[in-house]
Structures are given as structure tokens and as C-alpha cells.
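Take a look at the following structure, please.
As written, the chains take the letters A, B, C, D, E and F, and residue 1 is the first residue of each chain.
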Amino acid sequence: MNGTVVCFGELLLRLSAPGRERLLQTPRLQVQIGGAEANVAVSLARLGHDAAMAGTVADNALGEAALGELRRHGVDTRRMRAAPGRMGLYFLAPGALQRPSEVLYDRADSAFARTPASAYDWDALLEGAAWLHLSGVSPALGAECAQATLDAARAARRRGVRVSFDGNFRGKLWQAWNGDAGAILRQIFAETDLLFADHRDIAVALGQTFAGEDHEAAVAAAAQAAFAAFPHLQRLACTQRQQRSVDHHHLSALLLTRAGGRERAPGYELAGIVDRIGTGDAFAAGVLHGLIDGMDDARALRFGLAAACLKHSVPGDFNLVGRAEIEALVEEAGFHVRR
Amino acid sequence: MNGTVVCFGELLLRLSAPGRERLLQTPRLQVQIGGAEANVAVSLARLGHDAAMAGTVADNALGEAALGELRRHGVDTRRMRAAPGRMGLYFLAPGALQRPSEVLYDRADSAFARTPASAYDWDALLEGAAWLHLSGVSPALGAECAQATLDAARAARRRGVRVSFDGNFRGKLWQAWNGDAGAILRQIFAETDLLFADHRDIAVALGQTFAGEDHEAAVAAAAQAAFAAFPHLQRLACTQRQQRSVDHHHLSALLLTRAGGRERAPGYELAGIVDRIGTGDAFAAGVLHGLIDGMDDARALRFGLAAACLKHSVPGDFNLVGRAEIEALVEEAGFHVRR
Amino acid sequence: MNGTVVCFGELLLRLSAPGRERLLQTPRLQVQIGGAEANVAVSLARLGHDAAMAGTVADNALGEAALGELRRHGVDTRRMRAAPGRMGLYFLAPGALQRPSEVLYDRADSAFARTPASAYDWDALLEGAAWLHLSGVSPALGAECAQATLDAARAARRRGVRVSFDGNFRGKLWQAWNGDAGAILRQIFAETDLLFADHRDIAVALGQTFAGEDHEAAVAAAAQAAFAAFPHLQRLACTQRQQRSVDHHHLSALLLTRAGGRERAPGYELAGIVDRIGTGDAFAAGVLHGLIDGMDDARALRFGLAAACLKHSVPGDFNLVGRAEIEALVEEAGFHVRR
Amino acid sequence: MNGTVVCFGELLLRLSAPGRERLLQTPRLQVQIGGAEANVAVSLARLGHDAAMAGTVADNALGEAALGELRRHGVDTRRMRAAPGRMGLYFLAPGALQRPSEVLYDRADSAFARTPASAYDWDALLEGAAWLHLSGVSPALGAECAQATLDAARAARRRGVRVSFDGNFRGKLWQAWNGDAGAILRQIFAETDLLFADHRDIAVALGQTFAGEDHEAAVAAAAQAAFAAFPHLQRLACTQRQQRSVDHHHLSALLLTRAGGRERAPGYELAGIVDRIGTGDAFAAGVLHGLIDGMDDARALRFGLAAACLKHSVPGDFNLVGRAEIEALVEEAGFHVRR
Amino acid sequence: MNGTVVCFGELLLRLSAPGRERLLQTPRLQVQIGGAEANVAVSLARLGHDAAMAGTVADNALGEAALGELRRHGVDTRRMRAAPGRMGLYFLAPGALQRPSEVLYDRADSAFARTPASAYDWDALLEGAAWLHLSGVSPALGAECAQATLDAARAARRRGVRVSFDGNFRGKLWQAWNGDAGAILRQIFAETDLLFADHRDIAVALGQTFAGEDHEAAVAAAAQAAFAAFPHLQRLACTQRQQRSVDHHHLSALLLTRAGGRERAPGYELAGIVDRIGTGDAFAAGVLHGLIDGMDDARALRFGLAAACLKHSVPGDFNLVGRAEIEALVEEAGFHVRR
Amino acid sequence: MNGTVVCFGELLLRLSAPGRERLLQTPRLQVQIGGAEANVAVSLARLGHDAAMAGTVADNALGEAALGELRRHGVDTRRMRAAPGRMGLYFLAPGALQRPSEVLYDRADSAFARTPASAYDWDALLEGAAWLHLSGVSPALGAECAQATLDAARAARRRGVRVSFDGNFRGKLWQAWNGDAGAILRQIFAETDLLFADHRDIAVALGQTFAGEDHEAAVAAAAQAAFAAFPHLQRLACTQRQQRSVDHHHLSALLLTRAGGRERAPGYELAGIVDRIGTGDAFAAGVLHGLIDGMDDARALRFGLAAACLKHSVPGDFNLVGRAEIEALVEEAGFHVRR
């Protein structure tokens, strides 16, 4: 495949309670590496792409471990910086039944968050890139991070690198520094080719709300407005999730195009979810893979949804499944033990 | 809140097989602390009440660990005695699918069971108490335990401390010493304000059986008889459980009052139960919390049922959830990851 | 009970990823012992039969551990050989949701596979035996293993020992050495009294396919052909499995007799499967137990199906449940905690 | 080898804190099976002898697990009884540096301790036996246990079965029922051929103390008295242990014979002890093995001491080493990795 | 005992690599609670004193867990505040042989560090106190923390509460905010009765260096200067540690008094150290206990040193040993298994 | 640094018993990746070199995991092949005290061992290389592996790439295929610049034995012969190990040069060894690092010995320490906790 996919964002250490325990119910934590954009990078590397991560980690044993974990899964980490400071952490107690999962963020003042936008030389970082993948988490981390994200998107546009962006709107992060989410996202969306978002993300960017008789109608209305507002935007994709309980969901997906196309991927019943974190990132990576690989929109959407479905069965942030497994699900190859 | 809730009963060490293994399938055991009344004490402490435990533990490292675990969750252990002897144990192999959970009791001759009734000075132990919580396990452990339970209930009545009692009828324990369950329970019920029980417990106490076209009707008939027989009794509450498999239940609840009130809490579908032990105690604590907190009966019942529902998602005997989580479930706040 | 059940086959070490992790996602493996025929031996020993294992293990610490594990569950290992070489291994990553379980075999060139047929003295090995249990895995491991299996079946027939055979067809194993599965299975089936198989296994042996409007009809057609072709064959039994997802199945069973009898055991809904490996072996052992114990066909089938159902709740290859538990499920004794 | 070694005694579940933690410092326990006489049985079975265990376990999952563990290591458990009651337990927190290991016994009222002496039919239990191995723990458990031990020793003497006895004096156990240790041990020693004991055990039996300028002299004086008092006694062996810290000992051994022989085995420096429990039993089993195998006294003593030395490196009560490993240590084969 | 010992300082979560692994070598962390002053509080509570902790934790699940752990060991946490923010963390990879242990602090901007001095009402917090225990970590955390520590010391002096202070000088922390360690420590030492420090701590406070022919001489010179400079100071105690390797130390101790007394406690050889963290705090608590309990200086010093010695054998920050165990070591009761 | 160090050899999965347990004492295995040459590659990558691995892994999840683990530590795996077959395994039970560690190899017929020499294109594989590192394990695996190793050495010589070779003589492997170790090693040594070996390796290659009054003298005599026989050979280095027990060694080192230089590095006392596997590889990598980095021989030897010393403190095959830690040990920076 031609051209690297560069993902920019923060790496986080995830510290999880074992099994279905509450945080520190017993004195052990399992450690995994995550981060919305890193999750996409790992998925793409495992699907056979040249995937590279850009960003900043702490120059200590934790930062080194985070980089090692990306490398282990085939992601190129040579575009990463290490700087004094701390790693962002999050503590997770996975839920069950009617008890929601609980995430406790401890990511403020991380080496990533404190990196000035000027520390990134985007022309060098995008050398050889075909795509740049961003998400709404990075600009929410502070003015410098927002600027860096925008710099990245603009440099990509300038160099002919295509841009994908995953909404991932986190109100609390924006509020923490009084960031103008609308204004910033609007500028980023203006450089975006492929948007993973629903009507709520677009509402933030455009400052208007979208409604409809159902979720799909609202998304469609928002997409129409987005295509109008952002001339580079070609496609918008999102999942649709119904939660019967914390560990039993139904998941389907939708993809809309500037040309008016609308694809729906039939849904999966997810009863007995193992790990819900990172499933949106798995979806984005799956759709991106499909499009890079030359699938048509419908197929790319189904591939993305199948990837997201399988992620629910894997512990951790990363979607540790392979292309053949995703294809097998798309092809409904059944649930027999693979020997 | 004003006034301590004193819980009296035995602390047990629970030794569980990991995961869904059979007992000693692999040579490890997980240790938790439990006991019907201690479970209530922990729930109440976590809900913000002054909760204290009264009783007796072995004066060794295991008894010390049990007390430590109660203190950890905020229960006052200064009314506990330590005496020579052994701790009661129970071994648990949690079931799955169509295989029931298996409990192997090893609690005979514990320091608690061998404590004479005279060892407890109820006037001192109930100092500052607003409620006394008891359960049917304690009097079933032998004549001295039965006497101690009755002494406690009578001292509470005498001092104006309200009494709640959770049936927890265990036939095998009564048989082990030929105890006259009916006679003893009748005397305790006579001092009780709030009874957690269904028609089977009342049948034991009154020596008559209750039937009806369904569970609710039988409970209602029994409650009517109980209100007639026990003039101090104000309320009777119970859960209603349908078991589709070992780890898939449906749970609802019922509360009846001397004044003829009847509240039903709509049920929860519990698919993928993590730990079923202690859910009845979680219900009792939840209802008790509601009533102490001044909720009306319907709301207290729904709070208790939501507490019981959430307990099914937490490993161990204790209901390690907080008031906000229970309220969120009562309010149907949804199953999204809490960040 | 009178007479030993001798099981012949390979013991394997199973190395499993913990929880629902992918293989080596974290650097730990859980070790269990398995093997189609050993699983039957363990079930039968736990059900009170004299069960003995025949075969060959490596003469090293792993082989010793495998034998020790059989002895632990009451299987007589004195008919086992230890020889230079390696133990067969398989790596398992249990699946979840829509992600199938994954088995990676590393069993080639094991001490068992390299044992010449002449190494087994079947008259000695069948001393005191009432039944010989075989499966389709052994003859698929190579010409010598196929010959040994056939020798065993013929010696049993000659000595009046009844033969049960579980199809367990593994195409990849046969292909690895270009074995003529049809010819070999035909000779083995000719000595078999009780066959655990469906229409696909019989199709291999008879070189013809069987169809029908549904699974039962196809099995019935195949059974009719099998009874015609193999005059010693008295009974054919199989499970019927519908897979709603990887961890949610429905399981029922069917038993057909030479005399034209057809028994159906009503099925179980298996939602939240713990471990699917070895469930077919649990079924075979359950039916075998029923027949040895003198149950009628319908009861033996229900016992076998209940045993298979319960196996889904137990980690590992072995069905670590007891007779009383299986009987309780047959009798629909409910899902309450057993105290 | 000809003739079974029958060991009689109680099986205990050992519940240990992991690593060097205090009891319940974290809520996990590791489970092992132990018991002075069972430890000898396992050692002998692993050394190639027909070893059988006699005694009583609880007829529950814990008793079954204990038997399974013995079978796993090759011990014949068919002479064991299962009876209602509980298993004896002991909790262990291994020490380190200057902090002694801590054992918390919870063995009172076990199924073994409550078994009447009349429950054992020694003529049947000693069928085919060449040796009977006993220890001082069993008679200390109560009058019935003492009687059973004495019955066993006398039956052995009557049948020409040789008797070995390991002192293992536990004052607290004798005090608990006011047992006359001296009188009972005297009767048992009278039937004993091989005694593992030092001057303190003999002092109890003979009611006189023995002194000397050092440990060896005291033992020699006591041995002389014992040979005089007990005409069947042929040999007395014991270890000599100097404790520099909890995990650093020096261990040597001594064997004295009726004929006046005195063998000393040069000692081992044990720095970094893994598990000290069961090392005395490993010594007894090693010496017994040597004598049964026809070694001369000096060689048997060195074999026993090497076995005891190696046991310090193995977690658990059982000495999971093989004959070749012990021989290699006796031969000073060095400490290189065995590949 | 009369009067509470109030300890003021930060609670930290310690996240340790298991065994002797490097940080995140495998993806698990063990969690313990620590902090120099909390370690003292836990020791004192376990030794039977009324010990209370004052300070600030984050108002989240981690802060709650830290408080729970203190309560578990008997420390009164009702003087603690919970405030928005994060918990201080430290990551630990215990060393071995010639590889030093590695601590990675992530404690900046904790809820404790960001608490203004004015948030503490020392008259309320010292209600009922007999002693106040402080350490040099707290004032090093920032100007507000330094002020709070000084406020505490002065309030104690004013109220007649005795003050102990453990040097624990951490240059890096002081440098991070350019704090004037000398000036601040001087003011605190001026209120101190009992100082745990050696010549280096006093050098910082007095701005002069102390030398001598050996460690003891340098400490003695510094102590003389300290007694001269700080008229309230009565005693100075410190350990003396020689490190032969990371896990093999020799530890002795020294106590000097205003009256010119000098006590030396003979040392312990520590070969095979389990956990070195918190051993200084164990010493301080042991000496404090001795003095509060009325021991003479020599005995108190030996008690403190024995406590410190035993701490090296216990995983975690806390010294989970009891008074009897420390006394036994002081009395040289030996290393036998305690049964 | 200029130029890649290419290491050629087999990757192995190491499956270890936890703690000091015997193999499968409990049913868990810890998994690590190792292999003599891979261990060197990881060390060099962690020391800042461009290190690349060449060889063949199985094209399955285990091979993928092995590659991932190398990448994690910074080793370039793009010169690796994946081919059908199995991964070589070894099972390890670490010893203690007087019980040697036990390694059970299961590496026969691995994908690496079955790779024909012609599968490697050494001109491509050595592109950009400055050094090629080999060991005596690879040629011992069979004729094709021997040829591949020799091809590699010759291609390196031809291209001006320097060659280092670590003896690692394994007699059993050579015997398994009747390989002529002497002849093959002689040809490889002829291309070698830097040899890690002692007199025994050279004895094999030259077919003559070397003796002397002590180890150093024998090594010196052998080195003299080797320098005479192999004109490209510049340096020979080896460790000298005295084993006081399995976990207590003394380690020093020796380096001899063609010019007659002889450097001795003063030794380390290693009491309480954590993991002895891979320490020779750590030594080789350390010396290699020193020489590449331009240290003089004495310094390079001390660096190598310090690296080897530290490896004994780290679990697993890889030497997970950094340059600064090794330098600190060389500089005797002490054993204090690094904060």
C-alpha cells in the first residue's frame, strides 16, 4: 500500500481494575496503552498499513513503555517526541449489567498537553504521508494542543495529504480551559475529507442543532449542513448504538457522502461485551482501511462496523484482530472454533 | 443523619474459586468478608450513615482482617468483641449457565457461635443507636445466639431503637441444634418494625402456610397475618426473583404496610450476573436507607431494588456502589461510560 | 459397577490465554490437560466408573504432569506408556461475541503420534475392560496411530469388550499424511457398538452424502445407512447445536437405534458460555454412563445432554461436575445457590 | 520394590499468603495439601515406591481435592475414608529475614480428629504393607486418634510390618485435650523400628531429660536410653538445624543405631529458603527410601539430608523432587542449569 | 494510652511492578498506600495507639481507597479533607542484587500539594492530641505546604502537644519551587521535641556541615549543634545503614539526648530484603511508641530498630507487624515457625 | 552511531513456572521471548544501537508475538522471515538453593530449524550492517542452519562487516544430527573478529584440549592457539563464574587480544539471583557495545561484566537495563533507591 497514515494525539496509560471489580477493590491494576488516535494507528498497522504515530510522551519509563507497546503492534514511533513531564493516565472500572463503566481521568498537565504547537514540524512529520488522522480529543486539551491539531490539518491539506477526523467530543476537557470548541472545530472540519461524527459533533462546530424523527434523520440533516459548510468534506460516517444494558448493545452504522450517497450497515447484537473502550476508534480505522484499500462505500462501512463489533470482544483499547477475522465476520463465516 | 444503625451478626470469611472454576480446580482462593448483617452495615456506611457492627470475631489474624475490611468501608467496629476460637468460613464456587453456585459452609464452632448471650451488654452496644438490624442467620446458629438476638431486639424496643429484621431462613442451621425456629422467630418478630421476608419466613414464625394465585398474593396474605400477630410491625418488604439461568435473573420488589399500602417496584433484567451473593442484603440496606432518609415507601422500595440490582454487578458480598450510582439507576440515567 | 472403561488416545497440554485475551496479549498462559478420549475418561471416573487411559506420553515433566492430572480425577494411568519425544500442545484463545475461539495446534511429532502400533499389547491393555472408547482424532494422526486404533477396536471385539467411537472428524490432520479417512473409519465403524457422530462423519466413512429437510432428517438417513453397513452398530447419538454467537448457543441431542428408536432430548439455551471445548466429549461420556448404568435410551440421552450443557460452564477440557449435579439438571431442580 | 508403605495421618489444606505478605494483606490465598505423614507418602511415591495413605477426609469438595492431590503425585488413596465433617486447615504466612513464619491452625473438630479408632480396620489397611509410617501429630489430636495410632502400630508389629515414627511433638495439641503424651508415645515407640526424633521427643516419652555438651551428645544420650527402653527400635535419625535468620539455615543430620553406629551427614548452607514446611518429612522419607532401597546407613542418611535440603527450594508441603535430583546433590553434581 | 498521635502529610498511591520486574515489563501493577507520615500513623495504630491522620486527599475513588486503607489498619481518618484534584502517585520497580530500586514520582499538583495552608484549622485538628508527627516531605511540596507544616508545629507547641519530625530531606522537591529549605526547616525544628535526622538534615537547617571520623561522630557533632540551636529539642535518633547490595544491608541505630546521653542499638544483618520502602518510618514509629509507652531511651531505640528491621520483610509501605513480634525480636526469641 | 548490528538466530518462546515452582506445579506459565542472539539484539537496541534481527519465525500468532516483543524493545524485525511451521519452545523451572534450574527444550522441527540455507539472501540482509552477531546455537540446529550461519559469516567478511560469535556450545544439539561441530566451528571462527568463548569452545573447534593451573591460564592458552589458527580474530572475551549455590554466584571476566593484551574485570558477588538465563548474552552485548562505542578494552570489559551482573536481577531472557544503569554500576554509584 502506498503512503503512510500518520496519527496525531496523546498516548494514555490505562489502569484497569481486574474483572468486574470496582477501582482498587483489590490492590491490583492492569495496564494497557490507549488513546483515540493511537488506537486507530494500531488497527491500521495490524491491517497491513504503514501507520505512524506523532505526538509527545514523557521521557520516563512510562513513556518508553507506551512507545514500546505501539511498536509491538507495528506502529512506527520515530515521529514521536519524548519530553520532560508526566504521562496522561486514566483509571477504568469496567461496568456490568446496569452499572456503567467508570473512567477516572488523570491526564492534566501531561507532557503531551504541555507541548507547544511550535514543537511540531509538520512538514517533517507528514513526510511520506497519504493520510493524517486526528480526533476531537487533542484540540480539547488546551490552546497549544488545539493549535497543533489545526497546524497539522492545514499542513496536510497543503501537502495533499488527506485528513480524517473523529469527533470524540469531550465537553469537560473544553470547559477546563474555556476553549471555544465551535470555532476551533470549524477550522479543523474545513480541512477534513472524512469525518467520523454524528449530528451532535456537527452541532458544536456549526453552532446549530439538528433534529429529525430518528437518529438517522438527524445525522442526515447535520451531514447536509456539514457538506455545505466544509467544501473539502467528502464523507461522514458514524455508528448507531442502542444500549440494552452496560454489556448488551446493538450496533449499526451509517455513511453519508457529499454526492448524496447513504449507506447503512446492518447491525450486530452484542450480548456479553468484553470491553467497550476503543470501539469507535476501531470503526474509524476499519472504514479508513476500506477506503484506502479501494472498497466501495458500502463495503468499507460494513468492514468498519465488523471491526467495531469485534473490538467489543477484546480487552484493552486496541483492536487486536486481523483482516481475515474482520472479513470472516463481514462474510458471516460463523462462530465455530477456528482450528 | 442522626443516630447510628447497629448491625448484629457473624462475620464470615468467604473463600472463592476464581472465575467460574470449581472449588480448588486451580489452587487459589480469593478472600472476601461477608455476613448478612455486615453486608447491610457496609452498604449503609457507604450511603453515608453511621453504621456500626456488633458481634464477636476470633482473636487472630483472620478476625483482625475481617474487622479491618469493615473499617475500610467505614463501619465502626468498636462494638465488636474478639475472643478465642475460629472464624466462620464459607467456600464458594460461583456457578454459570445451568450450573448453580455452590456454597460449602465451615462455620460451626466459630468464636461468634460459641459466644454466650450474656457476653453482650446491649445497653452499651445500643448507645446512640437509632436502628438495630438483625437477620435470621444469627438465631439459627444456636441457643446462645438465638438468645443474644432476642436480647438485642428487646433491648432495642425498650430503648426506643427501631428494629429491622431480614428473614434469611436457613433450615439446615436450625436443624443442627434442633432449634425451635418458629418460637424464637415469633418472639423476635414481636419486636420488629421492618421485616424483610416473604410468606415462607412468616409461615415458619406463625406455623401456618400462605398461598395465593401468585407470589405477590401469597406474600400479601402472609403480611396481613404478620401485621395482625405483631403489633409493632409497620412494614414488610421482599424481592421477587425469577431465575432464567444461574446468571440470568429478573428481579422486582414489593413493600406492604400495616396501613394496607402496597408498592411494587418495576423489575430489572439481570443478564450476565457477576455475583449474586449479598443481593438480598443490598436490598434491605437500600430500603432501610430510603426510610431513614425520609423517602416515601415507593421511592424507598425503588431505591432498595436498584441497590440490589447493582449489587449483582459487583464481586464479593459487599455492595460497593454509592448513593449517586443507585440514584442514577432509579432515574434511568443510562448505561454510558461515566467519565 | 463392573468392568473398566478403557479410553485410548492422545493427551494434550492446553495453553490458554487468560480471560478473553488474544494469544500472548499478556505474557501468561493457563495450562490444562485435554484430549477427546481423556476427557471421556475423566468424566466417567468422576461418575464413579473404573476408567483407565491407554496411550503414550512424553517421558518428561510435561508428560508426568499430564498423567498426574488424570490420576487426580481418578483415572487409572497404569496402562499409559512414557516414551522419548514431545507432548502435543494446543494454544487456545477463547472467543467472545462474534469473535470465534482460536486453536493453534502444535501436536505434530508428539511421542503419541510417533508410537508404532506394535507398541501396544491390546490383550494386556484390555484386561478387565467392559468398554473401549475411541475417537476419530487418533486414527487421523498418522498410519501407525490409525493402525493402533483399529487394532484396539478389533481386539475389543474379539474379547467381547464393547466399543464406542466419537467421530471428531478433523480433515486437516488426515490431509497432513494423505490418510484414507474413509477406508480406515469404515473398518473401525465395523467394530463399533455405539457411535457418536452425525451425517457428516458417516458420509466420510461411507463415501456418500446424506441430506434431508433438516439436520435431524439428514442424521436419520445417515444412521439408517450406517446400521445397514455396520452390523455391530447398535446406537448412534449426536448433539445439535445452533450458534447465536460465540458464547450463546442452543444445544439439543438425538439418539437413534438399530431397532428404529429415535429419542430427542429437549434443548438448553446456553447464554454466557464459559468454555465450549470438550462439550462433545462430555456428551459422549454422559450417554455412555447412562447406558452402562442401565438407563433406557431416552434417559441416557437426557443425561448426556445435561452433562454436555453443564460442561459449557466449566473452564478447561474436563467436565468437572458430578452425577448429582447432572441429575439435578435433568430433574430441573432449579438454579438456586446450593448451600 | 516389594511391599507398600502405608502412611496414616491427617490431610490438611494449607492456605498461604502469596510471596512474603502477611495473612490477608491482599485478599488471596494459595492452596496446597499437606500433613506430616502425607508429605512422606508423596515423597515415597515420587521416589518410586508403592505408597498409600490411610486416614479420613471430609466428604466434601475440599476432601476430594485433598485426595486428588495425593493421587496426582502417585499416592494410592483407596485406603482413605470420607466422612461427614470438616477438613483441617492451616493458614500460613511465610516469614523472611528476622520475621518468623506464622502458622494459624484451624484443624479442631476435623473429620479426621472426630473419627473413632474403631473406624479403622488395620488388618485390611495394612494388607500388602511392608512399612507403616506414623508421626506424633496424629496421637496428639485426641484420645481416639491416639488409640488409632497405637492400634496401627500394634497391628503392624503383629503382621511383621515395620514401623517408622516421626516425633513431631506438638505440645499445644496434647494440652488441648489433656492427653498423656508420655504414656501414649511410650506405647507407640515400643512398636517402632525407626524413629525420627531428637532428645526432646524421647524426653517426653521417657519422662526424663537428656543433656550433653552439644546437640549431638544430647541426642546420643537420649538414643541410648531409647534403645534400652524400646527393644524393637533399631535406628534413630534427626536433622540438626542452625537458624541464622528465617530464610538462612544450616542443616546437617545424624543417625544412630542400636548396634552403636553413629553416622553424621555433612551439612548444607541454605541461604534464601523458599519454603521450610515439610523439610523434616522430606528427611524422613529420604532416609526411609534409602533403607528400603538397601543403602547402608551412611548413604541413607546423606540421601535423606539431601532430600531435606532440596525441599527448602520447593513451595508447598510436598517435596516435588525426583530421585535423580537427590542423587545429583549427594554426588555434588553442581549447580548448572540442567538442559 | 492517653492522647492521640496526629500525623500530617500526603497519602500516595504506590504502583509497583510485581516481583523483581522492571516497570511495565508485564502489564500489571500492585497498588499500595504510602506516605512517610501515614506509614507512621499505621505503625502506631497497630501498636495500640490512637493514631489519626490529617491532610487532604482527592475527592475520587483513589482518594477514597487511600482513606479506606488507613482505616483498615485502625487509623482515624476523620481529620482528613477531600478536595478536587488528583492523588499523588509513585511508581516503584524494586531492585535486586546490584540493581537499585527505582521510584518514579508523579505527585505534582496533587490535591494535597494544592491545598492552601489556610484550609487547615489546627486547633480543631489537634483536639485531643498528645503528639504531632511531621516529616520533611510535606514542607518540600511548596510554599503552602511548608506554611501548613509550620502552622501545625506552632499550634502544637502552643497547645502543649509534643512534636516529632522526620527529616526525609528531598532536594529535588525543594528545587522544584525554589523553596528555602534551610529557613523553613529551621523554623520547624525550633518547635520540635524529637527529631529523626542525621547530620545531613541538620546541615541543611543550620547551613553548616558536620564531619567526624565516622558517621556516629558526624551525627553527634550535628546533634550538639542542634540541641544548642533549638531549645525545645530533646532527642535526636537515626538509623545507620550499610548497603552490601540492594537486597543485603546492615542496619543499626543511634539516639542522642539533650542531656548528653548516647544510645547505640546493635545492628541486624538484613540478607534478602523484601521491601526497603518505609523502613525509616517504621523506625520513627517504633521509637515514638517506646517513648510514649514509657520505655527508657535505650529500650525505645532497640524497639525502633527492631521495628525497622522487621519492616524490611513486609511488602508495601506499611509496617504490618505487631508489638509482640517486635518484642520477640528485641528479646531474640529466635526464628522458629510460630504455630 | 553508524551501522546496524545484525543478529542472526532463532527466537524461542520461554514458558516458565512462576516463582520457584516446579514445572506445572500450578497450572500457569509465564511467557517470555528469548534466544541467544535475540538477547544480544535487544540489549544493543536498548543501548542505543540500530539493531536488527534476521532469521525465521512461524507464521502464526506465536511467531507474531515473538516479533512484536523484539519490536517493543526497539529491534528492527524487517529482516525476519515468517514461514509455515512451529515456534521453538523451552520450558523453564528456575531453581533455588541447591536445586538447579531445569530447562526442557521443545525446539525440534521449528520453522527456523527447517529453513534451508538458501532462503537467506545475505547481501540483502547485511545491507547497512557494521557488525554481524552469531552464536554457536544456530549451527548446532542442523546442516542447513550450520550452512546458513557460515554463509552469513562469509558474506559479512566479504562485505567488510565485522563478525562477533558467542560459543554457546550445546553438545546435545550437535549430537542430534551427528553434526561435525569442530569442522563447522573452525570455518566460522575463521571469519570471526570477536569471539565470546573459553577454552572449552576452542577445544571443540581446534580438536585439542587446553589446561592450565587455573581457568584463566587455560583460557589464555586456548586464546593463543585461536589467534594463531584464525588470523581475522582480534579479541576473545569470557566470563568466569563460581557457583556457591544455584542463586549465589561470583562473576568476573577476562578479555584477551591478538596483540597480547589481557584485561581482567573485578568480580561481583551475586547473592539472590533473580534470573540467570541470558547473562552470557548480556555480557556479549555489553562488550560489543563498548567496542562499537570506542571504549578501550578494559572499559569495554567492565561495561560488559556490569551488564551481565545486572541481568541477573531481571526476570526473563532480555537484559532490560539501560546504559546509565550499567555506567552507574561501573562507577560504583551505590545501591540507594533511585528517585
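Just so we're on the same page, a contact is a pair of C-beta atoms (placed from the backbone, for glycine too) under 8 Å apart; a residue touches a chain by one contact, two chains touch by 3 or more.
The structure displayed is predicted, hence computed values, not measured ones.
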Given chain A and chain D, the chains that contact each of them: B, C, E, F
Given chain C and chain F, the chains that contact each of them: A, B, D, E
Greatest separation from chain E - chain, by CA centre: C
Reference chain B; chain at largest CA-centroid distance: F
Copy pair chain D, chain F: interface residue numbering same or different (half cut): different
Inter-centroid spacing, chain C versus chain B (mean Cα positions, whole Å): 45
Separation of mean Cα positions, chain E and chain B [Å, integer]: 42
For chain A, residues contacting two or more additional chains: 22, 26-28, 30, 102, 271-272
List of chain D residues in touch with chain B within their complex: 15, 22-24, 27-32, 60-62, 65, 86-87, 89, 91, 93, 102, 104, 106, 108-109
Chain A partner contacts - residues on chain D that touch it in the complex: 26-28
Of chain D, residues touching chain C in the complex: 68-69, 71-74
Of all residues in chain F, those that touch chain D in their complex: 19-22, 25-26, 95-103, 105, 170, 172, 243, 245-248, 271-272, 276-277
Complex contact set, residues of chain E against chain D: 30, 268-274, 306, 309-310, 312-316, 320-321, 325, 328-329, 334-339
